[in-house]
């Protein structure tokens, strides 16, 4: 899957820190390394002795803070930050996170990665009681639930509220005196904790953000945990004990950055294993192995290593591509692909090319890439996909919620092969994927959410139960 | 050499087209694929029935034409364009090309890739006659020489002027009725001609730009050629017959895009051969081979293939890095590197890493990358450079003109190894480089300018003869 | 009072239209003529067949819609718009109006000119019930009150909510099928209705906005009225019958544009009468009469006419002054005044100048203007203020809510005269002001809110009752 | 003439200072007060110990230096600056002044207000010798002439060059060690010298700029003078003794700011006298006198004073109008006028209005203003123009060079009256204008250039001699 123009996007990345003088700058660095998880908007809220300061806007982090004064103004020694992806209709500043709530007597900020499956129902209930929502994001529901909780203590209000929401979520909450971290009961989304040299804690969607701020990895946040970081240190609690790990397998396949470790497993290494396993499962007679840059290069090099074929740069990505060139129509999208991606004639001419891609979602650019390789002189193009057929939508944090958008849900492999004009097309098996990821669990469970491929959702879908999933 | 923050920059990329309805858009696409040759400024001049229209500004092409109307306004069916790199002091809009000359009775536009070695002398002579220069670019000298030529015909004036300048140059001139192309007598800089479906000619610094506009490669421009493209087709002439090919070897090592063919040789493939040869010349006991992204990945994969070691993604580049983060001080530069480049802990931990870089110029980031790998847990770091020691400045189109800026000119290999804290450091031999490039020439000459490594300049240096070269 | 740098600012201007194809453009024109009522932010919400579209941002209207596509995108045939002034701390985009509420089952937009005196109490009550506010503007309270009303019909919910708020307000509400207009029970703020050629209704804070869209004046909105404009025409109702007119006298003195008619009285003409009355009440021996541009020119010409002295341009305002030059410190403010305002040496030299200003609030620039005139050679400077001493803060829609900020509240006339270094200083009497405005009422009441001058507030102050008013 | 949308524009304003620490800021202030003389572009060049620094761009001064760092970077204790008006076709950054010339061995900056009448001929001659112009501005010709002068000393080169150019000009030249000031032999354009508190000299197009920087007026620059200001003080020389004063009468009528003194005469006062004289020459039975804001308010108040009629604000100008709203078509221009200018219904309704305008050039907005007054209820509209019929183009510094653009050149007064739908239309006589200005000269000459009205050009027109003048 050629990443920037695909239709599959992570909903967000989050970062938080408590107890560091340059909380604003650390959060900037952390978010910068999480930019691949969301490019539509970014924001940071800092805590200066209990007073929260905020800035957020649409665009890449570097655009949002192009005026550096915006960042300098966010003083304080604690912060949370967010990078966001959103579907077109919701792409407005009100939805950019962190959401900051200015109550008469307190302030509260919230950053969320994931998707709630009962937020529509909850929102309607709250509106019927006169509640007004400031955003159209599902993330805001939690705040309303906290405010109407009849519990006494704030932490109990939060537990109360967390027990009312369903779905996938990694929440960071910033209050006047703490940074609160919560993960859903299945641990759908990644969330890790690190420690700075000065002993302060940071939390981030991926470990690459811990590296970005020179923090040492401490532990991953586990399903159902509710962690409070404050001047008193880190306190680990649970909002539920009814948990069962079902970590998003697509984080390994596509979303996460290659240098991150997810549940202790390095992503590049896992992808390379996917490529090796794919080479074993679906070998093919070819001259060279080519990966779709950048997301499929690890899998491609694994395929090459296993098959003993040369790994070649048969496609090259233009590194000076801005997002502004993403185009609304198919025709313009093709031109856009040509601007982003080029076949290397001198490499692929007269060659039997094994093209490795990480996944096929809508398949819109796949056909184009095969054509580009043929125009560049490739004799044969064999497509190998380093994950199983993507047939079922996700409801726990990815923005594809319609089966009809997923090519593999209504096309056979042979139909897709023809559509792409490839000489052959094969996918990694689900078992192969599980083995390649190599997550160790105590019982027979894989600990992974593989519903993309088999439709077995680890949790009830609530508001989405009646959709075409 | 980690490309975006290095100190070595190509002076420019040029693109031209004659006879295409969407000359503006084609030139935009062509320049976009040449953006790696210059990121400081960009411009396009179009020809609408003899009337020239121009827009240029500082910044990346996509920034210069962020307001798309700027591009739409450049109507006409012929165009030349330019992307520019410049040293800091000269980074002003007056120097952004193409330069457009509005004479009372004619218009003339000019785009130049290269560096003239006698421009200072020529400029002083012209100023002493009362001439006024509109830019501080050496490129403008040619126009003044054309205007004072006593020849009758314009083409003879141009020949006259070309015979007065020395150095490396690829010139595109746009007049009311033609696109004129000239290459210096050594062919220092690359320049290729292609043909569109409709039979129109395009010319570009690299073949990747021909691919970008779907043009078929026709031929490379040869040393001393003066080519006129007009409604009558392409006419090939010479402004001198005293020519001797000395093509810039650094184009193969670093500058050119991996998918371009230079003198018929694919760049990625040549780089892979450099890596293979390096593995033969300087083998080392290691666990994995890691390339500095993106420019050294080809050489690294060649090294891995030859040595039979796994090629791994031990360094990852953040693709969301804007140029605005380039920093003036060493300390900020290191932070900037951390933002751009990260070591992949999960890959390099406890490994003997063979780190392949394409070249060492100032060496400023090399030490930092080794340190990053060690912090990420690498047991050993063996540095292998896929080109010889870069000891001598360039005067034919690259912006390093001071020997003191070149680390290898005043440090031994062992001194550099210590400085970088590498376990070993070795370079490709000059013979190895020549063989890896594999340019076929009729005689004993290599056809390459290798002066970077041995100081044997293929041409007299004129204004620079007394410098510390 | 030299308007742009003074400390007295109207809270807002509102405009609405129902049933016109180019509702967006009409609202833009209307707001443009109301720009003097607020320069900190602007926004427009349109109604396209029941669907509301919105754009708002900080800055002048022309800056907010500098990208004209922003305006074109606001399709629909009904709209409300708002220009906003705010105090510094609240100057953020969340507070820019119209506020748009996206409920699951309906949309609602709201624009407000005025100030609620019990909003703090109401907001706290609502928050204690779990309500979350999206802005820190008092205007939003109304929406929450509408949502929690137990009435059945929307119009009854609105009446219910209006009966809970206190203070000065002119509200425009845009729903899927109507434009609803409400004025407080004292009619503190101006609000007028006009009719376009096509029979559609428009509503605006001042009649100058009706003129701007070529609408014919129909009537002023009266205290306590609740007017619904829809496809069925205009329906006039009341949300309360307990009304008593107390129209803001400062609208006549300073706020309103000279070409507007307030309650049927032309503002320029009223101001000219203030100047005439002032000349009668406080005559002085002078050579020329000079007004502080632009707000005091009407009064100055009236003073000149009555006194038989020449009306001269002794001060000139730089029309190319942008708001960006307003400065935070006194020193910079003086330099800023010099950039905005200059004394005309050729006019004032050796003259006894009668300087007419409309009012003195903080008095910060007054001293500077007198000094400027003296430096320009004025022999004497007699200051005449065309309104009474401004001693008491306003709580019904102007942003001065601290007595300490009002110079006349703690300085005698003689103290002020010395402070300004004027040869004499006199104010218009309160009776003089009332007579000059000339509002006809049935009973003995003036129909005006004169509390600025005498502290007799026409309504209870609720949350402000304990302030230093 | 309603100023901002009229077709008559001054070509420029210039400002210079030598020997002041904050030369950049003083020049900014000076230019700001000269902004009415040109709004298309602005620039400043400073001298820091002989090294010149420059910034210039299109737009208003406040836009050009919106990023204040641009101004701070212009260090040094001497400077020249320029605000520019240009015709559409030439509105490009290359033409924005001051022009900075970077020669190999020296730097030179130049700012020019005026128009050369033989620049086309000179430019062609220079180009035929191989010279290349960096701008399409006539101002640059002088620099080329200086460079080709065979004189030894720089000041003699400059004299040599000045003697070759014809037309109207006020030149400021900044060199490494001096600020050089030159005025044409007729003194067409205003230029005055002032002195700062610290004894340093400043020079400016109008005295309002001297006031803006708190400088004391010293003297006007006289025709043919060549003044050198340096660390040695001010040295007054002449480049020619063949001089004859013919000061531009339109500076008094329209261009100059009301607070400036031209040749010792205050502009507002002169305009008021024009209005008085007009009232005597062309009395009319009316109720009120209304001026077109802002340029005609002085004349209108003079008319009112003389006629004993009330001076009223019958038209109001929106002070929040940005230039971005100037529109290319007549229809849009009318809408634009409505946004800028409104009739005050409450003032003009049922009144016989005497409308005073300063001049009629193209007459495009005049008809519209009369219509606006009638729509606002004016019973009669009598148009009185405070200058004679404008029939002949200007070639000495104003951008109207085509007779056909001047309404009065091809329409009788009665034709114009009908076109404007005015009840009457009358102009001030030429004698009346001369008397009102009141310039004292030794001989019978008026000392004024009145060619606009009578076609008697004070100098030969050279390149323009054959035009339809």
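All chains are identified by letter, namely A, B, C and D, in their written order; residue positions are counted from 1 within each chain.
One rule holds in what follows: contacts are C-beta pairs under 8 Å (C-beta built on N, C-alpha and C of every residue); 3 or more make two chains touch, one makes a residue touch a chain.
Protein identities per chain, from UniProt: A, B, C, D = Amidophosphoribosyltransferase.
Note that this is a predicted model, so its numbers are computed, not measured.
Trainee: Could you work out which chain's C-alpha centre is the most distant one from the centre of chain D?
Mentor: The most distant chain relative to chain D turns out to be A.
Trainee: State, to the nearest whole Å, the distance from the C-alpha centre of chain B to the C-alpha centre of chain D.
Mentor: 49
Trainee: Just how far, in Å, is the C-alpha centre of chain B from the one of chain A?
Mentor: About 37 Å, centre to centre.
Trainee: Chain B to chain C: how many Å between their CA centres?
Mentor: Once rounded, the distance between the two centres reads 61 Å.
Trainee: Got the chain A residues that touch at least 2 other chains?
Mentor: Not one residue of chain A touches more than one other chain, so the list is empty.
Trainee: Let me make sure I understand the interfaces: which chain pairs count as touching?
Mentor: Taking the chains two at a time, the touching pairs are A-B, A-C, B-D, C-D.
Trainee: If we count contacts the way the header does, which residues on chain A are in touch with chain B in the complex?
Mentor: Result: residues 29, 32-33, 35-36, 39, 60-62, 66, 207-208, 211-212, 257-259, 261, 265-269, 272, 294, 297-298, 301, 305, 310-313, 316, 318-322, 324-325, 335, 338-339, 342-347, 376 of chain A touch chain B.
Trainee: Which bits of chain D are touching chain B when the two form their complex?
Mentor: 93-94, 101-105, 120, 123-124, 127, 129-134, 136, 140, 143-144, 147-148
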